[in-house]
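Consider the two complexes below, in which chain A is the common component and chain B and chain C are the respective partners.
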Partner chain A sequence: MEKLAFHTQMQRRIRSAVCCHDAETLRALLDECLVEKSPGEVSGILLDALEEQRLNFMSSARSLPEFILTIDTVNAALEQMRSLEEPRKNSDAFVRIVIGVVRGDPHDLGKNIIAGLYRAYGFEVIDLGRDVHQEAFSAALTTYDAKVLALSAMMSTTMPAMKEIIREVRITGSKVAVVIGGAPLDAEIARAYGADGYAQSARHAIEETRSAISRVFP
Partner chain B sequence: MSQDKGIFRKLGKPLLQGMIPPPGLFPEKFLDALSGLCSLRGKVSRLTNVERLITTLRHREPDRVPCCPLVISGSRRLIGASFPDFALKPETTTRALMAAFDLIGGEVVIPMLDLSVEASDFGQTMIYPENSTPHPDYDHPLITDHTGYQKLKRINLRDARRMHSLVEVLRIVTRQVGMKGVVSGFCFGPLGVLCMMRGAEHLFRECILYPTEVMAALETITGVLAEFIEAQCETGVAAITLDTLFASHNGLSKPLWEQMEGPFVRELSSLIRSKGCIVGVHNCGHGSYFDSQIRFMEPQIMSFAELPEGCNTLGELKKRYGDQVVLMGNMNTSLLAHAGPCEVIQDAKRLIEALADGGGFVLAPGCEYPPNAPLENAFVLAQAAKLCT
Partner chain C sequence: MTILDLELDEDMLLHVESRVRPSLWTPGDHARASQVKGLIKEAVDKIGEISRIRAVHTIMPVEFLNGREIHTRAGSIMSRRFARLASGSTGELFVVFLIATLGQRASSLAEDQETLLSRLVFDCVLSETIEIVVQRLEEALHRDMAVCSREMTSRFSPGYCDWPLEGQRVVFSALDASSIDVELNDYCVMVPAKSISCVFLAASSVPSATPCTFCPLEDCAWRRDTHTGEF
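Coming up: the complex of A and B.
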């Protein structure tokens, strides 16, 4: 009974610290929590708190700047947890994602938010940055044996590069789920470009990536 | 009496030059009577472009919906110019924009260069790609941390090369368009300008973590934008469009936007009105805060790419805001870039059916016509305004 009360109270306090992006309080709470619980369990509580904020962001109850700060806070805390956890590289759930903004495009806000979200949700992220050439994407997919390629473009003038990258990836025969997103795109263009998923915004990236993975790796 | 003389002079001078006087200088009753007459005449004969717009702006039904194809940097292809030439050579910009106006048509022209004009004059390093829109060099932002906001220096408009270029473009385009259409100036909102010098991600964090510092920079920028707007108004434009991109779900929360940018754009829109010009607001974000924007800026025209916050359908939008502002947009730019003429006409029809009833609607893309997309659909868009009404 006492344990349950501790758990509930701790969940509430962690949720509140994540909501207020109060990294210092969160760190202290996690230390306190780790006395009673395993790092895996504590990470679970943290991810529940993030999920709550993500749902609030999806319903526009939380703004983008608030959500960016939440991701920063959770990722800093997860770093703390990961140093205590067993490496998960042999786990079935382990997925490596190569992400980047296509060549000629300097806008990386969306990509950075999604990379942060991927990390928080337990994916390993290889972030190639912005203005990335096709060859760099292909090389990264091979080097890191990634399951997902996430491409971003924010300009109508740069988005055709996505089509070329996807074509190249398909020609090489790499088995990879390609998810694309960015302001000038829509689901129809994503399909026409040969992508496996289209993330309309950071709000939809996690679900869309998960379903693209399940389609490509059933 | 002397005040009346002043107004007659302000109205008479542009008319004698074959240009539209600042619409705000006309008495409301005169505009109501004129638009009423135009609406009646529109039922039996074709109106001129300006008559059609006056009728639309007074929320009366014209002969057909007016159109603004928003072909901006895409117009460079009509004269074989590159992106850098369009952005940096006022004579090339003017030639391209006028070619688009003459060939494609439409009633509203919004000459602009790109969204980095103001930031580059503040000293932001720029990149001018050959095949894409100019943008800041985000590897070298002018403001590198939160302490940089308060160090941002006010600049003199005389030394602002790119802002000066746009004013020059407006001066020429306004004269060349004359009474054939309405020309609007353009100004990126202070938060947008700041974003170009700091990067969106950092700016978003710092709006919450260091609001005082960010607001100091916004105040500096607003001072310069006020001068920029005054210079644009003096060219004879009938309207100025303000772009408050971050007043949407893609930007700040509504309370934070009202706190950070609201007061500054209120100042800028008051200035526009004091010059007799129409205030337009452009929105390309999702879930724009129309209610806040209307409260702070009192615009006459709202251009939009996506439905604003609180509206799930075009019908809801028309019902909620249709009598407060003239709606402009929201043709899908992806469709313009990729679809065929039939789909463009269908989309135009959908918009006209939902928004044109009772006037107060301008058919336009939700955002700039995609600069590298084939221009055929711009012609189709202009024709659709004629065919679908």
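Coming up: the complex of A and C.
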């Protein structure tokens, strides 16, 4: 009974710290929580709090700056968790994502936001940066044995590189869920390019990625 | 060809700040609103300190015009809507080409930021700054044209409306962009990123400020007022 009360109270306090973007309090709470609970359980509570904020963002109850601040807060807290040996037990842990902006494109703000969001959700992110060539994506997929390839392009002239990258990935037979996003894209182009998912915005990236993973790795 | 070195004045910086705030609005959360406001101020101050704003422009007569292109010695502007705007003009027709940049150092300010929120704020402030710089240049060009009894349209950029991004090559062929340290990569993307390229039509009279007059897409996100050219 006491344990249940502790859990509920801790959940509430962690949710409040995430909601108020109070990284310092959040760190202290995680330390306190880790005395009683395993890192896996603690990260579960943290991710529930993040999910609540994401749903608020999806319903426009939270603005983009607020949600981004939430991602910053959770990532700062997760750094603390990552230093612990026991791995987290949420369903996204162990899923490795290679992410990058395709060649010729220097616009990486959107990609950085999505990479931050993935990290906050516990995915392991290999960020190749911007202006990334096809060979670098292929090499990273092999080296890191990634389950997901997330590609971004912000210009109509750089977008076709995604099609080439996806074709190359399919030819090599790598089993990987490809999710693409960026200003000139839409769901139809994503399908035509052979992607498994289309992340229209930060609002949709997590769901699209999870659903692409479940299609490719049923 | 005219090369300009410009400074961001206090008025421009205040204008940037007031235009960025609504886009980074945090409803009902005063603490966050004040944090974001502080970051916007920090970004504006920093950009004011280190930006090296440079611009280059030139004017060229239109050599020929048809329903789908406006041809100058720099090449053709392939846009049916812009060509239609040109065909409604009277008197000798000219194209003004312009490229402006905040410079490499300012353009990379956002990526130097540690948190995602700072990156977002700095990126928004940088984008708004170059927009306002070009707006000021546009106003100055309008004044210059008025002295020569010419009217001028609002700016029109490659990648917008029906002018493909590849149209950048015409603008870069008209101007020596290297004089202001701007390059076009193989994908028609400008480096530094916080740069704007555009053209204007100038003639004794132009039928409207933008080609939106001839466009049926009433709900287009980029639709502009046909008289003022504002979104």
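Rule of thumb we're sticking to: the second predicted complex is superposed on the first by the 208 of 218 C-alpha atoms of A that agree within 3 Å, B and C clash if a C-alpha of one lies under 4 Å from a C-alpha of the other, contacts with A are read in each partner's own complex, and residues count from 1 in each chain.
Throughout what follows, a residue touches a chain if its C-beta (ideal position, glycine included) is under 8 Å from a C-beta of that chain, and two chains touch if they have at least 3 such contacts.
In this text the structure is predicted, and so the values were computed from the model without any measurement.
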| item | value |
| --- | --- |
| Chain A as common anchor, with chain B and chain C clashing or fitting | clash |
| Chain B versus chain C as contact partner of A:Glu168, first or second or both or neither | neither |
| Contacts of A:Glu32 with chain B and chain C, given as first, second, both or neither | neither |
| Partner chain(s) touched by A:Glu52 [first = chain B, second = chain C, both, neither] | neither |
| Touched partner set for A:Pro65, first chain B, second chain C, both or neither | both |
| First (chain B), second (chain C), both or neither touched by A:Glu124 | neither |
| Which superposed partner A:Ser201 touches (first chain B, second chain C, both, neither) | first |
| First, second, both or neither for A:Thr158, with chain B first and chain C second | both |
| Common interface residues of chain A - those touching chain B in one complex and chain C in the other | 63-66, 68-69, 72, 104, 106-109, 112-113, 155-158 |
| Chain C-touching residues of chain A, taken from the complex the two chains share | 20-21, 63-66, 68-69, 71-72, 103-109, 112-113, 116, 155-158 |
| Residues on chain B engaged by chain A in the complex (per definition of touch) | 127, 129, 131-133, 135-138, 199-201, 204-205, 207-209, 249-253, 256, 284, 286-287, 309, 332-334, 337-338, 370-373 |
| Interfacial residue positions of chain A with respect to chain B in the complex | 60, 62-66, 68-69, 72, 104, 106-109, 112-113, 130, 155-158, 183-186, 188-189, 192, 201 |
| Footprint of chain A on chain C - complex, ascending | 24-27, 29, 31-32, 35-36, 110-111, 115-117, 119-121, 123, 159, 164-166, 185-189, 191, 193 |
